[in-house]
Amino acid sequence: MAFRKFLPMFDRVLVERLAAETVTKGGIMLPEKSQGKVLQATVVAVGPGAVNKNGDLQPCSVKAGEKVLLPEFGGTKVILEDKDYFLFRDGDILGKYVD
Amino acid sequence: MAFRKFLPMFDRVLVERLAAETVTKGGIMLPEKSQGKVLQATVVAVGPGAVNKNGDLQPCSVKAGEKVLLPEFGGTKVILEDKDYFLFRDGDILGKYVD
Amino acid sequence: MAFRKFLPMFDRVLVERLAAETVTKGGIMLPEKSQGKVLQATVVAVGPGAVNKNGDLQPCSVKAGEKVLLPEFGGTKVILEDKDYFLFRDGDILGKYVD
Amino acid sequence: MAFRKFLPMFDRVLVERLAAETVTKGGIMLPEKSQGKVLQATVVAVGPGAVNKNGDLQPCSVKAGEKVLLPEFGGTKVILEDKDYFLFRDGDILGKYVD
Amino acid sequence: MAFRKFLPMFDRVLVERLAAETVTKGGIMLPEKSQGKVLQATVVAVGPGAVNKNGDLQPCSVKAGEKVLLPEFGGTKVILEDKDYFLFRDGDILGKYVD
Amino acid sequence: MAFRKFLPMFDRVLVERLAAETVTKGGIMLPEKSQGKVLQATVVAVGPGAVNKNGDLQPCSVKAGEKVLLPEFGGTKVILEDKDYFLFRDGDILGKYVD
Amino acid sequence: MAFRKFLPMFDRVLVERLAAETVTKGGIMLPEKSQGKVLQATVVAVGPGAVNKNGDLQPCSVKAGEKVLLPEFGGTKVILEDKDYFLFRDGDILGKYVD
């Protein structure tokens, strides 16, 4: 399932980080520098999955549209049509938000 | 089994650390700094389990509600609705308290 | 098989170290500092065992009550009801004393 | 499938990087030094695939002619008929562009 | 097969090093310091063997009473009834002396 | 298939590097120091192949007489009848030149 | 197959290095210091072979009496009846000389 004509390979998942909070709960404007890295993201495309040692395909466990929690480190930045996206391995995604 | 709409992935277990003891047995108030990291915790959500090399699902060996003993190091902090939780791998949990 | 309501996970073994010798053979009192770490211990609880790569359970090879020889390093201290116990992996236990 | 009589081995993929952008969107000429490494490339030849632990052949998941996204690091430079090409492992290719 | 009530675990082998040569061939007394570590030893007890990844028991390839050649490094000292013994893994023993 | 009575073992491949170019395209003599290491080579002998974890023989994927591209690093020099040859693992050979 | 009552274990191979060349082709005597380590050797004894992951015995691929090429590094010195021999793993032997 590609996104903007880009299809991740194997068990890679393409995500878009949610916008950073620019205002604190109390309404105070946050300078960009102190806006931490956003760890919540939306899945925009997933690869076909990884092939395990017996040659069987292990599909990804997240789907496009799901909201997920990313690890603090890792991931590869990918710029598509001038926008930042990130590639993570399916196994590195910590969890997902369900309704 | 999600918790506050958050579902851990694979063999990750979401736990909440028990409150630190603020008073010694003898009744002396403990300053926050000297309250060690609490290693006892309650399981609040578990992932579906890890997929082993042959592609079979290996479910987690702890369940929500169980009281467990955490290792001193490791774990990932997750903030849900302004409260601190921690993600550990099922295999890193040292043991559980049973009645 | 739990001990004081604590059940080790997987192939972990809960042991209690034997008391250190405080008097030499010749009857001389040993200062605490020079009482080496005791490597003999009694097994008090064992986990269900480890799951091998094929998903089969590999039970622990020691049982509660057995006297074992611990490696010099490794192990995790666990305090249960104010007493020190130690968790070792079944595979790290060097040997056991049999009658 | 060879290219200029060169056939990559196993799961190696021979790619040709796309030409670097020499002019910014706004039309400003970019000095060579500030033209970053181009991560988009065209596949020109693929090896037969890797042999997995059971001895089965795992073919490459990209084909000649496909446009792919390369990781920032890694790859081996190969000069064929005075032109630069690069060898990557199939598993290191991040994704491909599909129409 | 235990020795002095001590049974090694898994694929560990309990050995007793042969006495160091204290006199050179030419009859010159060797000061203790220059008596190298003795690498020949007698097997006194062997564990049941290691369990391989498929869960099958792989028995040790040496037996009690055999004379073996130890590697220069490695091994764990074990004191039984005030005498020094050493534990080696079956796989680390270099070879054995046969009649 | 031996070469000068030398048969590589397992998945090792014996190669002879092509002669280094001593003259540039423009006809300028290259001093020896600046003649880079030649990465093209001819296969002169191949081992029987590697035994995979299931005990099956995995034959080499190159044959004697083929022209191959070597990685820049690695390889073991072997002198046979006063001439330099090199041993590489089959899996480390980057590709081969086909007609 | 033992040698001087010494039987290597598993996939270890006992070899005796050929005598170092003490005279150059041109007849010049080589001082001992500049006689490089001899990499050619004769196999004097081989172990039964290694046990692979499935518990099957993988016999050694060299036999006693064969002339082999040793890697430059590695190997364990073994002194038998005051003579130097060396133990190598079967898999580390680079190749053998065949008639």
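Order of writing sets the labels: A, B, C, D, E, F and G. Residues in every chain begin at 1.
Methods note: a residue touches a chain if its C-beta (ideal position, glycine included) is under 8 Å from a C-beta of that chain, and two chains touch if they have at least 3 such contacts.
On a predicted model such as this, the values are computed, not experimentally measured, just so you know.
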Centroid distance [mean C-alpha coordinates] between chain E and chain B, Å: 44
Whole-Å separation of chain centres (CA-atom averages), chain A against chain E: 55
Chain F residues counted as touching two or more neighbouring chains: 53-54
Touch-based graph of the chains, sorted into line, ring, star, complete or other: ring
Going round from chain A, first to chain B: chain order: A, B, C, E, G, F, D
Complex interface listing, chain G residues touching chain F: 52-54, 56, 58, 61-62, 69, 71-72, 91, 93-99
Partner chain B, residues of chain C touching it in the complex: 2, 5-10, 12, 14, 47-48, 51, 53-55, 76, 78, 87
